[in-house]
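Two complexes, one shared chain (subunit A), two partners (subunit B, subunit C).
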Partner chain A sequence: MPVLQNMLRFIIRRLLVTVPTILIVITITWGLIRLAPGNFYTSEKPLPAAIEKNITEKYGLNLPWHVQYRRTMWNILRHLDFGNSLKYEGQSVNGIIARSLPVSATIGVLAYLLALLVGITFGSIAALKQNSRWDYGSMALAMVGISIPNFVLGPILVLIFSLSFYWLPPSRWAAFPSRNLILPVITLSAIYMAYIARLTRAGMLEVLRSDYIRTARSKGLSERQVVLRHALRGGLMPVVSFTGPALAFLLTGTVVVERLFALPGLGNYFIQAALNRDEPLIIGIVAFIAITLLTMNLLVDIAYAYLDPRIRY
Partner chain B sequence: MKDDHSHDLHPPKGEVTPLPGTMPSLDGTLDEDSLHTPLEAAVGEADLRAAEDAEQVKGNSLWNDAWRRLLKNKLAVFGMVVVAIITLASLLGPLVIKNITGITPDYIPGEAALLKSFPPFTAPDGSFSWKHPMGTDNQGRDLLARVLQGGQISLMVGIISTLVSLLIGVGYGAVAGYLGGRIDNVMMRLVDVLYSLPYIILVIVLLAMFRSQTARGQLILLFVALGSVSWLTMARIVRGQVLSLKNQEFVLAARATGVSTPRIIFRHIVPNTLGPVIVYATLTIPTVMLTEAFLSFLGFGVQAPLASWGSLATDGIANIAIFPWQLIFPGVTMALTLFSLNFLGDGLRDALDPQMRKF
Partner chain C sequence: MISHTKELVLGTTLATIAFVTIACSASAKNEVFFGKTTPPERNILRYVTGDEPESIDPPVSSGQPEARIYMALYEGLVEYHPKTLEPIPAIADRFHANKDSSEFVFHLRKNARWSNGDPITAQDFVYTVRRALSPKLASRNASLAYDIRYAQAYNSAAVFVKDPVTNQFLLEEDFTDAVPPEAEPLSQKSIGAGELEYEITDEEPQQDADTAFHRFMHSPPRLTLPADEKRRTARVSANPKLQAAMAGKELVKVSGEDLGVEAIDDYTVRISLAQRAPFFSGLVAHPLFRFVPRQIIEKFGDRWTDAGNLVTSGAFKLKHWKPYHELVVERNPMYWDAARVQLEEIRFYPMSDNPAIMNLYKVGEVDATLNHSVPNAWLDVVRPKKDYMDGAEAAIVYININVTKAPMNDLRVRRAFAMAIDKITYAKARRITKPLFAFTPEGIFSGYPQPKGEGFDPEQARKLLGEAGFAVTQRGDGTYECKNFPVSEIEFVFNTASSNKTVAEFLQAQWKQTLGVTVPLRSMEFKTFMVVRNKLEYKGFSIGLWGADYMDPFTFLGIFSTVGGTNATGWFDQKYADMLNEANSTLDKAKRYELLARAEKLLLDAQPMIPIETSAVNFVKKPYLKGMYPNAASLYPWKFVYIERDTSKWDYGIPNMAE
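This part shows the complex of A and B:
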C-alpha cells in the first residue's frame, strides 16, 4: 500500500513540524508576558514590601528567568499540567479549560454546521443559476455578511428579537437544546455562511465547466444526480480547505460572541486572563488553542487528500 | 519565431546603458518586450505581438486596460465611489461641521440638560433639528462628528497597517523568490510555521501585556501588531510572482549588465509584481480594519480619547436597549466601508489579474 505509506510519512513529517510549533507558541506567549512591565498583582493596591516578597517567593518569581521557563515547560511537557490560575485561586487551569470547552465547542460546532448548510445551499444555487437574480442576491448578501462585524450584528439581533419582540433570550448560557443558543449561533455563523457561500459558488462554477461533468451529463444523468453526486464533491474542495482557517476565525468569533452573550466559554476566560495577567491560564488556553488548531489543520489536509484523488503526498 | 526574438545576449560594449528604473535595452528592439508582466507572460508570445500592435495604434497601457475593465464593473465602481466619499467625509467632515455649527467631535455642551443622548435629528425639546443628524452620545457629543473622526482613525489603522504588511511581505517574498534554493526553502518554511500560529491570540496577549498608557502609544502598537501578522499571504503572493519573473529576459539582461542583486529585486522585479500586490493590499485593508474593530471591542484596540468605528460601536453596545443609534450609526458606516472596499478589491482583481478571477 504505497498510498497509505506515503500518507503515514506525510503525517509524521507534519507532526515533526507541529510539535515544535506548539512549543514556539508557548514560548512566545511566556516571553510576551515576562517582557511586559509590571506583574499580575500590580493591578491591585501597592503592596507592602514583605508581602510582595512572599508573593514573589511563592510563585518562584525571584528565580532566574531560565529556571522559571524550564519549570513551566517541564510541567507542561511532562505532566500536561499548566498549574493553577493566579486569579481564580485554587482552580487548576486544566479544570477551567475542561469546564469552559463544552460551551465554546457547542457554539462553534453548531455555528459551523449552520454555516455549511446555508452556505453550501446558497452557493450551489448561485452557481447553478449564474448571473441570475438568485446569484446576485445571494452574493450581495454574502458580502454583507463578510462586512458586518459580528459584535455589531449580535446586538442588532438582540435589539430586534429580544428587546423588541421578546422572542428569544438576550444572553446567558444553557446547554444544547435551548432557545438561548439561537442568537449566539446565528451571530457567530453569519460570516462563515458568507465565506462558504462564496467558496462554494466559485468551486461549483469551476467544476460545472469541467470535462467529467460534461461526461456525466452526456451519459444522460439527471441534473439532480449530476449536481449531488458529481459536481458537489469537486465543487466543495475549496470549502474543505477553508475549514482550517475557519477554525482560527471561529476562535476569534467565539471570543466576541461569548462576551456579547455572557457565555462562560474558553474565549471569555482567555480575555479575562489576558486582562488579569493570569499567566498560567493564558499559557494554558493559548497552548490548548494551538494544539487544537494544528491538529485540525492536519485532519483537514488528510481529508483533502482523501476527497481529491489527484492529491498525493 | 521571428528574428527579433533571437537577440544575442552579448551586445557590443558601450551600447548598453541601463537607465534607472527602466529595463536595459539590449539591441534596440527589446524595449517593449522587456516590460513583461505576469499577465502578459501568460498570454503567450503571439498574442503579445498582436496586443502590442494594437497598442501602437490605440496607445493603451496595461493600466489603461485595467482601468477600463474596472469601470465596466458596476459593483467595483460603487465601491470606489463610496470609499472615496467616506474617506473625504472623514477627512473634511469634522472641519465642515465645526464651521457650520461650531461643534467639534469632543465638544461637550455646558448645560446639564444637554448632557444626554438625543435621537437623530432631534432638538433637546423633541422637535426636528438638523444640528445632530446622527443624534448625540451619553455626554451630549455630536455623533456624526465623532463617527467621521472615528473614520479617520479606522482608515488610518487600515492603511498604515496594510503598508507595514506590504513592506515586510513584499521585501520578504521578493528576496525569498529571487534568491531561491535553500534560502527560499528556509524562508518559506518559516512562513508556513507562522501561518499555523493562532495569531489573533498572540496579538491579544501582546496588546494586553504591553498596554500603552497613552492613546497614541496604543495606536502605534496596533499598527505594528496588525501589520506584522498580515504580511504572510503577501509574501507568498510576491514570491510566486518573482519565481515566474526572475528567469525572464529582462532580468537576465540586467544581470548581464552587472546590476546589483538588491537593485534587480527592487527596481526591476518588484515593480512588475504590482498588480497582484495592489489587489491583495486592497483586500487587506478591510480585513485589518475588521481586526482593529474586534480588538477595540475587546478593549485592546484604540483607546480614549481617540475613537475608531470599532470603539464607538462598542460604546454603543452598552446602550443598545435605549439609545440604539449609538451602535447603529458607527456600525453601519463601518460595514458600508468594508463592503465597498471588498467590492473594490474584487473588482481590481478582475481588472488587473483576470487569471485569478473566479468567474
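This part shows the complex of A and C:
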C-alpha cells in the first residue's frame, strides 16, 4: 500500500505546517488589534477615567502586553478556549462560533450546491456546444452573474419576490428547509454559479481536445460515456481547486448576504467584532477561518490525487 | 457570432429591467399606509431594536437597543411617561424631594413582586445601586449616579482618611484647595442638617427621617483620596496642609455601605445626594437604577441572565434569546400591574440595515421599527404615509471646534465660520430636522427660555474673518477667496456614516461659498474617530452628536462644564461651570431655567462649537399598534402598548402627544 502510505505521510506533513501557521496568524491578528485606535468600550459618550480604569482592570487590559499575550496563547493552546467576548458580556467565543457556524454553513453549502449544479450543467453544455447559441447564452449570463455584486442582486430579488408579489420573506433566518432561505441562497450562489460555469467550460474544452478523450472515442464509447466518465472528471479539475477556498469562504460566512437578510451567521459577527474591537472574538473567528481554509485546501489536494491519475504524493 | 452575444445580453438586460419596473409599479400604489396592515393574530409585538444587544444586565450597556429591552424586563422606582418621559410611579407609588432637591424619598408599593413571586423591597433597591456602582462590575454608565453621595468615590475605588485614635475622618472642607477642578467636577457642597423638610403626607409622618446613617449622610463630607498610591501621593504632596494631616492616619476604603442609598424600612428608600439635583427623580428611571434580583445574581453569578435563571422586576420576563436573531420576552403574571399588560409577547429583532428593516415592515413581519430607520432616500415615499412617526428629538447635531490650535483659537474666526452656515437651508434639504441656534435642542424643554446664537450672516462673517487677519476678497466672477487663510491648519473630521457625509459636504460648500475657504474633509472609522476627536488630535472641526440622558437642559449644558470627556473642544471657562452650579442649586424651576439659559448664552458667545440641527424622530409603526408614541428619547414603557383590532380606533398619523 505505498500509495496510501505516501498519502498519509503527505497529510501529516501538511498538518505539521498547519499548526505553526495558525499560531502565526493569531499572533499577527493579536498585534493588529492593538494597533487599531479605540477600545471595545469606546462610544459616543467618553468615559470618566475612573470608570475606564474599572473596565481595564476587570478584563485585565491593564496588564503588560506580554502577560496578556501569554495568557491568550496559553488558553488557546491548552484548552482551545478563546475566552469570552468583551462586547457581548458573558458569551464565550467558542459558543458564538458554535452557534453561528450552522447558519453560515447552511446558507453556504446550499449556495455552493446550487452553484455546482447550475454552473457545471451550463458550463458543460457551453463546452460541448462550443460557439453555439447555448455557449454564448450561458457565458453571457455568467458574465452578468460575475458583474452584478450581491448587494445589488439581493435587493433586486427582495424587491421583486418579497415587496411586490409578497411571495417570499425579505429577510430573517429560519432553519432548513424554509422559504426564508431561498433568496439568500440564490443571492449568494450567483457569483459562484458564474465562476463554476466558466471554469467548467474552460476545463472541459481543454480536456475534450486531449489525447485520452480521443482514445476513449476511438474505443467506440458512446458520447454520453465519454463525457460523463472521462471528460467531466478531467474537466472539473479547475472547479475542484476553486472549491477549497470558495467553500471555506462560504462556510465561514459572507458578510454582505448575512447583513442584507439579517442572518445570525459568522460573517455578521466577524465584521461587528472588528468594528467593536472585540479582541477575543476577532482572534477566535480569524483562527477558525484559518483552520477551515487550511483544511479545505488539504481536502482539495487529496481530491486531486483521486481525480487526476497523474498526480501522486 | 458576436451579434448573438449582444442579442442575449440585451435580451437579459431588458427582461430584468421590465421585471423590476413591473415590480416597482406594483408596489408604488397610492396607499394610506406603508405596506400591509393586517394585525397579528395573537397579541404579539414584533419590534426591530437595532444592533444586537450587548447584554441584558441593565447597568452594563448604555445603548438604546438594550434600553428598550431593559424597559420590558426590569422596572425602576419610577418609569418614563410614554409621551412626556416625565417620571411616573412604578415600583414606588409615590416619591418626594426635600426642599433643596438634595434628598429623595421613594415609597415602594407593597404588592410589587419579582417574576418568581418574591416581594420587591427597599433592600433590593439598595443592592441594585451598590452593585451598579461597584468598581468590580465596571458599569460604563456608573457616572450617571455620581450625584449620589460618595457614589463617585465608591465607583473610583477611593479611600477615606481616618484617625485610628479618635476614629474621626478627615473632612473635605478642611482641604478644599486640594481638589483640582478636573478630577472632581461635581460640587461637593454640604447639605447641612436641619434643612431637611419633607412634603407632609397624611398616612406617613416622617418619623423615619432620622437614622444613624442619615446623620452620616448629613455630616460634612469626608475627604476622599485615590486608592492608587502614586496618584494619592501626588495629590497629597500638592497640598502641604493635607500632607501634615496625613501623618499617623489610616486609609479606609469607601464601600458600598457608604453610598447615599438607604432602606429606611422594607418599603421606603431614601437617596442622599452630594449636591442638589432637581432632575434626579427623572434620572432614576434609567436602566442603571432598575431592580435586579440579588438572590439570583448571587446564586448563578455570570449566568444569572440566562433564560432559565433570570428573574425580572418588569412587566415581562425572558422567554428565549437567540443572539443576532431574536430576543423574546413574555408577559410576567407576577408583575404588580399585570392586569394592564395586554401584550403576550414582545419579539425584539436585532437588525441594523435600514432597507432590510423597512422591507420587513412593509411585508408586515414587524409592527414597528426603531428610531431613524427610514433612510433619507425613502422619505419621499414613506413620509406622506399615515404610519410614519415624526417628532422632535432630544438630540442635536453640532460641530466641535478645537480651540487650542490656531487659527481656531481666535473667537472672530470661530464666529465667522459659524455665521457662514445657512442652517435653515440645510434643515430644509434634510426635510425632517430643525435648524438649531442654541446648544439645547429646540422644542423639547417646555418653559426653558432658550437663548439664540448668531444666525446666517455672510457679510458679517467675511468682515470678522478680515478682522482676524484673513481678508476675504471677491473675485471677478463674484466668488470669494481668502488667500492667506491657512487651510492646511483646519479640517473637518467625522466618522464614516452617510448622514455625516451630508453635513460635511454641505458645510464645505457653505464655507467655500461664503468665505472662499475650502475645508478639507476627513472621514474615519467610528472608534478611530472617537479617539482622534476626544484627544483633540484634530485641527479645526469635528462632528458632534448628543442625545439626552434625562429630560433636562443640563444633560446638554453639562458637557462643557468640565475639560475632556464629551467636551472635545479644549474650551473651559470656570465662570460657565459656576453659573451651572448656581442654577442647579436654585429651587424655583423658572428661576433655575433662567440661570441655565444665561449660562447657555455664555457658551454660545464663546462659540467652542457650532450647533447645526435638532434631530427628529423618524420611524414607522403599524396603525393597529397603540400606546406607542414618538417621544423625544424613543423610550417606550411597553405595558402601555397594545394591538387594536378595531380599525376605527387605529392611529391615522401621529397619535396625539398632548393629552
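FYI, the second predicted complex is superposed on the first by the 307 of 313 C-alpha atoms of A that agree within 3 Å, B and C clash if a C-alpha of one lies under 4 Å from a C-alpha of the other, contacts with A are read in each partner's own complex, and residues count from 1 in each chain.
Everything that follows uses one rule, which is that a contact is a pair of C-beta atoms (placed from the backbone, for glycine too) under 8 Å apart; a residue touches a chain by one contact, two chains touch by 3 or more.
Source: prediction; values computed, not measured.
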Touched partner set for A:I96, first subunit B, second subunit C, both or neither: second
First (subunit B), second (subunit C), both or neither touched by A:L205: first
First (subunit B), second (subunit C), both or neither touched by A:Y269: second
Touching partner for A:T27 - first (subunit B), second (subunit C), both, neither: neither
Partner chain(s) touched by A:V256 [first = subunit B, second = subunit C, both, neither]: first
Superposition-derived comparison: subunit B or subunit C, residues of subunit A touched: C
Which of subunit B and subunit C A:N297 touches, first, second, both or neither: first
Partner chain(s) touched by A:I146 [first = subunit B, second = subunit C, both, neither]: first
First, second, both or neither for A:A50, with subunit B first and subunit C second: second
Touched partner set for A:G137, first subunit B, second subunit C, both or neither: second
Touching both subunit B and subunit C, residues of subunit A: 36, 143-144, 155-156, 158-159, 163, 259-260, 275, 277
Parts of subunit C lying in touch with subunit A, wherever the complex brings them together: 1, 4-5, 8-9, 12, 16, 19-20, 22-24, 26-27, 36, 52, 54-55, 57, 60, 62, 135-140, 142-143, 152, 155-157, 302-303, 305, 322-325, 349-353, 355-356, 359-360, 362-363, 365, 525-528, 530-532, 534, 545-546, 564-566, 568
Interfacial residue positions of subunit A with respect to subunit C in the complex: 36-39, 41-48, 50-51, 53-55, 57-58, 87-91, 96, 99-100, 131, 133, 136-137, 139-141, 143-144, 155-156, 158-160, 162-166, 169-173, 259-265, 268-269, 272, 275, 277
Interfacial residue positions of subunit B with respect to subunit A in the complex: 192-193, 196-202, 204-206, 208-210, 286, 290, 293-294, 297-300, 310, 313-314, 316-317, 320-321, 324, 327-328, 331-332, 334-336, 338-339, 342-343, 358-359
Of subunit A, residues touching subunit B in the complex: 17-18, 21, 24-25, 28-29, 32-33, 35-36, 130, 143-144, 146-149, 151-152, 155-156, 158-159, 163, 201-202, 205-206, 248, 251-252, 255-256, 259-260, 270-271, 274-275, 277, 282, 285-286, 289-290, 293-294, 297
